[in-house]
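The next block holds one structure in the form of structure tokens; read it before the comments.
Going in written order, the chains are labelled A, B, C, D and E, and every chain counts its residues from 1.
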Amino acid sequence: MNTLIAITGLGIFCLLFEILNLRKAIIPITILGLIGVLALNFYEFGTEQSYYNNMVAVSKFSTAFSSLFIVLTIFLVALSHNFYQNHPTKISDYVAIKVFLLAGAVAMVSFGNLAMFFLGIEILSIALYVLAASDRLNIKSNEAGMKYFLMGSFASGIILFGICLIYGAMGSFDISEIHESALSAELPIWFPIGLILMIIGMLFKVAAVPFHFWAPDVYEGSPALTTALMSTLAKVVAIATLFKLIAGMNVISSLENQDLLNTFEVIVVIISIASMCVGNIMALRQVNVKRMLAFSGISHAGFMLMTLLTVSASAGVLLYYTAAYALSGIAAFSVILYVCRDQDNEDITNFHGLGKTNPLLAAILTASLLSMAGIPIFSGFFAKLFLFNQTIQAGYIGLVIVAVINSIISVGYYFKLIIAMYSKEPNQERTGKPFLIYATAVVSIALNIILGLFPSLVLDLLQ
Amino acid sequence: MDTNLALILVLTPLLGFLVNVFFGKSLGKTVSGAIGTIAVAISFVVSLLLFNQITSTGKGIEVTLFDWIQISNLKINLGFLLDQLSVLWLLFVTGIGSLIHLYSISYMHDDENMHKFFSYLNLFVFFMITLVIGSNLLVLFIGWEGVGLCSYLLIGFWHKNQDYNDAAKKAFIMNRIGDLGLLIGMFIIGSMFSTLDYATLKTAIAGASNLDSSLLSLAALCLFIGACGKSAQIPLYTWLPDAMAGPTPVSALIHAATMVTAGIFMVTRLNFVFDLATDVQSVIAIIGAITSLVAATIGLVQNDIKKVLAYSTVSQLGLMFLALGFGAYEVAVFHVITHAFFKACLFLGSGSVIHGLHGEQDMRNMGGLRKVMPITFWTMLISSLAISGVPFFSGFFSKDEILLTAFHHSIPLYVVGSVASIMTAFYMFRLMFLTFFKEFRGTEEQKHHLHESGSLITIPLIILAILATFGGLISLPGHSWLNKYLAPLFTKATEGEHHLGTTEYTLMGVAVLGGLLGILIAYVKYFKQDNVPEADENITGLSKVLYNKYYVDEVYDAVFVAPVNSLSKFFRDYIETGLSALVFALGKIANEIAFQGKKLQTGSIGLYLFVFVLGLCAIVSYIFLAQ
Amino acid sequence: MIHIPDFAHATTVQVIFCFLAFITVITAFLTIFSRNPIHSAIYLVICFFSIAGHYLLLNSQFLAVVHIIVYSGAIMILFLFTIMLMNLNEQREVHRPRITRLGAIVSFCLILIVLITIFINSKPIVGEYDSTGEDFQSIKVLGKILLDEYMVPFEFASVLLLVAMIGTVLLSKKEKLNK
Amino acid sequence: MGNILNQIGIENYIFLSVVLFCIGIFGVLYRRNAIIVFMSIEIMLNAVNLLFVAFSTYHQDAQGQVFVFFSMAVAAAEVAVGLAILVSIFRNIGSISIDNLKNLKG
Amino acid sequence: MNVSTILIILLIGAFVTYFSGDKLASKVALLFSLAALVCSIVLLNNYSAGENISVINSWITQPKISFALNADGLGLAMVLLTAALTPIIIFSSFGNEYKNAKAFYGLILFMAFAMTGTFLAADGLLYYIFWELALIPIYFIALIWGNGDAEERRKAVVKFFIYTLAGSLFMLTAFIYLYTKAGSFLIEDLYKLDLSACEQLWIFLAFFLAYAIKIPIIPFHTWQANVYQKAPTVGTMLLSGIMLKMGLYSVLRWQLPIAPLAAKEYMNIFIALGIAGVIYGSIVALRQKDLKKLLAYSSLAHVGLIAAGSYTLTLDGLRGAVMQMIAHGFVVVGLFFAAEVIYRRFETREIEAMGGIRTQSPKFTSMFLILVLASVALPSTFNFVGEFTVLYSLSQVNIWFAILGGTTIILGAYYMLRMFQHVMLGETNSKTFADVSLNEGISFVAIIAVLLFFGFYPKPITDLITPSLETILQVINKN
């Protein structure tokens, strides 16, 4: 709760700075503030408490994920400095929106009431619509914003309908009440329908097949930093929320009571497989790096959805997976931001010869791609490992084999980029070494590797 | 003491090899030649000492150096067995070896790589000694492959000529085919008796109660295939004539006197195995006979002086195998020894001729050398008489023994052997007449330079001629020293010495007459009628077939080499690319799907939402309606 | 099963419900089918009013008022302004490919059938509906709940609106192109 | 007074709401004019709001109605942002047909 | 001192090399690789003295993964192979100039590190990690420093990477499955597992896929020739000399003991595959135009035989396989180095363009010939010891296996001598060919010395590996 308040306060401070003409201080102070929030959040870790009539329920799960979100936001804010260099008058808005977005995200994982959940997801979505469309003179950005907005509100409508049906069945929005009454046998059919609609809405947010179509277009059209935000923070938030919804509302047991569990699991398996396959295969022929990473994100969503099959045991795995994925995503996007600063697109050709001109950045991008591909020592590997382990233990060996095949396919396009960096001749000068970009890239990939070397650090948090 | 002796025996040639390899060039030709020769000579002296010891004690010496290869049920030592057989072999290997080394000093003096030549020769002697004195089959195998290697190196000694290299390669590979047989034979024996050690094996076989005779036969057959490769028997004989590409001393040492007899050595060594495999013995006899006949027929029409000798070698080896096939090991060994003398002498003689003619090997371009090269002529004549089986020369006794044995076992094989002998006499004297009689048919340039070879060449010739004359004494019919000497080796009572009865004398007479007949025909054809073989393109009919060696090389080429090569091309061009394409196809398929999939991503919000709704309907209806 | 109103013996409430429902659905359709955006907007306003009528029928007057204020008063005005601003009233929509329309109709039918079928298949609510008699929807009660129990979401909604505000400003603000 | 639902039945509200919701979906799919699409989305949200109120009465519980307030706030915020995006698109390409938004694809 | 020392040396070496700059990199790398060699010898000493040099530390608690390195004879033998070949390989590259040398040598040491780790790891997952880690450096080495047409190279290298990764991911799946059964990745726990025949079959196949691609066994070999050809020679040496052995080693260490029933049941099929590789590889090698490709196919043939030996499940087979692995490792490195030596002078790898080298370079010829002969397993070389043992073990299974496998000695001789003839012999080449330099000579001599020494006296190696192989066999035959 304190975290939430602090974040919101920080957002307002950002706006105030603009008024106080402290533009230059915004980013450093925001970062410091976020670090403070992170500390606060750590301090809260381990306390199970609910605030304000259980509107906000702080648990290990919520604090752990909140910390991850905060860390990601720190990186994203740090990257803002260079990204918004040409928009000095808007920087406070950008930063404030990101901070509010974080507030929404934190609300989404620590909600105790569906109202909070709904408001959280809307804050997140609206902030993202704005950010996607924020390059207002760029038609691509407009288009991305519009597409995202239309489809996002559509999905919001479905989520809202789901919440409504749940309310109809339960007479309450409170998660713990729903959790308890979910087991009663006398539930009207509205409850499972509502659940499924909500889950579908969330599947849209995580960009799972067949609700994924927006992702590539929006990722491609949005300004690169927004894409970074979407592919790391937003995706992670969405999947974490989905997980929390399913875990928090006792979905599994209640579906089991109504003999719907099998079909539900079949659906999850199918969506997971479809996401992995579609994401990976479609990524193969992409030229635009952001678009490629969008498809890669779709496939990762497929992987992460596997945790929904083992909800009771896989919170830690999900946390680990999301952390690994998001950290490598941040590292990758920092490099992309650097490389495509002055370009009007993010095509692979821009990366030619990066290995020669900027070996460090090339190495970082390589590392992050390897992590996403699941090559050992990077945390992406362990993430997949733990995930597969969990899933095989639950008996879904076929699903794991499909996932493995998909991992193989994914190497194909990740390596396309690596090859472009190392075995092609550079086609442009790359000057300047923006400190914040370098720092972000290095720190995020270092964190990624540390997670790889000591997975227990994160994994055991939620066990 | 024994160990030291054995080590000196083995290591001196190796040392010679090493010295020549590393310092040969700087030492100068003569010195390196001398080192090579001395190294072998020392081995010869040691062999003599050992021979002396063996004859006096009558017991073999076993030396074990160290464990070599460990296999679960086999423990293979690197060890030596110096018994009657091996020492006998040692004697003529090192003896003739020394002579040929001596000969080579002069013969190879013009070659810039003389030190290399000597190092290879020394290496050969080293491996040959290893082969002979190994205490088990695997040590024999070291030598076996080692001499093959040296043979390869020496055949291809003039490596600028790719034909020679081809010949060298062919020799090595043909040998390797045999080696595989030998290996398989070893495997079978190893698994049957858990040992490859001769001595242990012998006792094991003697003690074995119920042997799987078919398996043992198989082993024997495989071993015989090995022997076929090394000793140039059908079907693996074709390398030997080609091997004449090497310098002549090599042909004399390796391809006449020593290496090619390794097969006979091995069979004799394992006589206790072959004795139990009677059907294999028949095979050996038949193959030996056929080889001797086939090689002899080819030898009839060859014009290359060394080729004639080569086919003669194959033919003689065939006779030895004929004897082996009848279990008459000591007879085969006897012929090995006499053959080593006279064939080495013949080769060296031909070398002397070639040397004198500066590399000319075609007999059609020779003639009349008798006067210019008297020593060469006389020594070669003696050897030719010996090989033709003219009485009281060494060959007479040994060949006669073989034919006698054959007669006692199988008349048809006897006839084949005899015919081969007659042919031998014919082509040997064809060689003599064409080379040494009548007028010189070469160029004026060559005629001008004709001369007798130097003493380093003639001395070995003379020694060998003497040996070729008197070598028969070691196993005179009825009073065979050799048989007694070798007796401890054999399990079966040997065939015993043939009682010199009427039959024997008759047969002897027939053989002598046959030999003389061959000589006579040659005399008539090439001396009286003064025929000179036709130029290559004019050869027709049967002669053409013979001249082209029954087209065996061509057949092998068409049946084995060409298919393998085209298979290789086929694999390379189709299977490999196909497999590769198959793997790539997976990627291509994925890419193609991606390409098609991209079309689905039209950018139209309507479509996206449509799919969204469809997905929603599908999920909801699956969960709630599809019960 | 669908409870088909028995018009012969329908109560006033039922008649009103049917009437309102009819209006709602029809105007909703008209909103979509009108060619002129202004007409659409007006139909939508009517639709919202009918929904407010439903709220009144359900006895939640406050909500009905708020609904009219927010939707008809604010949101629709926003729409109309935009339409006017862009001078869209004359704009004829580009030709819609048949496949689009077909797709829309198909998915409409499909989702409608699926949802309706599910709800029909579910076990009907039998018996009387509870009527505790307590006041649960007066302004007083709503205010209490909203500012007590739902205080945090209430505040959080302000963050939402703030974000929307910053967002709209961000999207519309012109920058000096000084670089 | 009795529960009004005794006369109408919650199912009817559900059906009405579903129909309205589906009309909203239909509108989103059917129309290419972005403004009308927005309106369709508003119809969807209103359908849900209606159901909230109905459920609220059904449960005799005010929370549903409170939620409607939030839902309205959200709708307002969404419309504001959506229109802002729309306006900037209109400024850029002079059209508000979503069919013109097909640059991003593949 | 325990086995992790050598890993640390190599890892630190990799980084130090990277930071030492382009000029010093090669020397620093050599220094560290020699240090690793010394360290491995010291470790070997300690091991033979009966000291415990294994390591086991817990690493990840849930799922239970340990940092466990187990040094037994087999592992140490392979480590020794790696440690001995790495300096030779590094030293052999001294004649070449590499751009960005620090990265190049750093990657080499890193790869040595990963491969050493693979040989030592006693925890399935740790093993897998090292296994995959070894793949990354070679990928970059081949990609960046490789030769030939860039597009072709990319294709070949990516195919190689994806292909091998594909195989190993199935292995990973198998490991995870095993974990769910055993509750641990530790090798001894996995050895203790009692799996049904069906499970074993699937696990066996999953492992097989990984190893068959890595080794490679036909028909999974298609990556090999191209990558060998395209990679820089150093990379080829690392690949063929050590990395292939990872696959073979893993067969012995992981595949056979974990799924013995399947191994026994389908033994003949897998032996047959290995032998098919022998024959196929030899035949394809015959008509290769590119020297490195030819050597690649020869490698295919040799490893086919080793694999066949491993699958016999007899002590002889395993022992022969290990010895052959070591021997092949040395000989193939030597041969590729010879190809490189020629390339340095002639700038070509086309066999057609060579020939007539012998007259100009007696030393090189002799050394090359010895390597060729070792490669065709001439007795008195170490290769013979290995090949003989393997063939013997095959003959114990079925005499036909030995006969067919034995064709390697014929076909091998055929293509190797044919190659030697066309590369080295014939009329003196018009291009000048300087004889080997001292640096080059040292590498050759080192390799040849090892091959000849163990050819006559393989006992140290036999004694080293036998106990651990016996343990493995015990596990295989436990029921």
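We adopt the following convention: a residue touches a chain if its C-beta (ideal position, glycine included) is under 8 Å from a C-beta of that chain, and two chains touch if they have at least 3 such contacts.
Note that the coordinates shown come from a computational prediction; the quantities given were computed from them, not determined experimentally.
Common neighbours of subunit A and subunit B (chains touching each): C, D, E.
The two chains most heavily joined by C-beta contacts are C-D.
Seen from the C-alpha centroid of subunit E, the farthest chain centroid is that of C.
Overall, the chain located most centrally, as judged by its C-alpha mean against the mean of all protein C-alpha atoms, is E. Centroid distances from subunit D, each centroid being the mean of CA atoms, peak for B. Work out the mean CA point of subunit A and of subunit D, and you get 27 Å between them. In whole angstrom, the spacing between the mean C-alpha positions of subunit B and subunit D is 98. One simple way to say how far apart two chains are is to compare their mean CA positions; for subunit B and subunit E this gives 36 Å. Mean C-alpha positions place subunit C and subunit E at a centre distance of 71 Å.
Shared contact sites, meaning residues of subunit E that touch two or more other chains, fall at 162. Residues of subunit C found to touch two or more other chains are 100, 103-104, 107, 111, 115, 118-119, 121, 125, 149-150, 153, 157, 160, 163-164, 167-168, 171-172. Chain contacts: subunit B has residues 587, 598, 601, 603, 605-607, 609-610, 613-614, 616, 620, 624 touching two or more partner chains. Two chains count as a pair here when they touch; such pairs are A-B, A-C, A-D, A-E, B-C, B-D, B-E, C-D. Of all residues in subunit D, those touching subunit B in their complex are 25, 28-29, 32, 98-99, 101-106.
Of all residues in subunit A, those touching subunit C in their complex are 8, 11, 15, 51-53, 55-56, 86-87, 89-90, 93-94, 96-97, 100-101, 103-104, 107, 113, 115-116, 119-120, 122-123, 126-127, 129-130, 133-134, 136, 145, 188-190, 193. In the complex of the two chains, the subunit C residues touching subunit D come out as 2-3, 11, 13-14, 17, 21, 24-25, 28-29, 31-32, 37, 40-41, 44, 47-48, 51, 54-55, 57-60, 63, 66-67, 70-71, 74-75, 78-79, 82-83, 85-86, 88, 91, 93-94, 96, 100-101, 103-105, 107-108, 111-112, 115-116, 119, 124-125, 128-132, 134, 136-137, 141-142, 145-146, 149-150, 153, 157, 160-161, 163-165, 167-168, 171-172.
By the touch criterion stated above, subunit C contacts subunit B in their complex at residues 100, 103-104, 107, 110-111, 114-115, 117-118, 121.
Those residues of subunit D whose C-beta lies close enough to touch subunit A in the complex are 10, 14, 21, 24-25, 28, 34, 37, 41, 44-45, 47-48, 51-52, 54-55, 58-59, 61, 63-64, 66-67, 70-71, 74, 77-78, 81-82, 84-86, 88-89, 92-93, 98, 101, 103-106.
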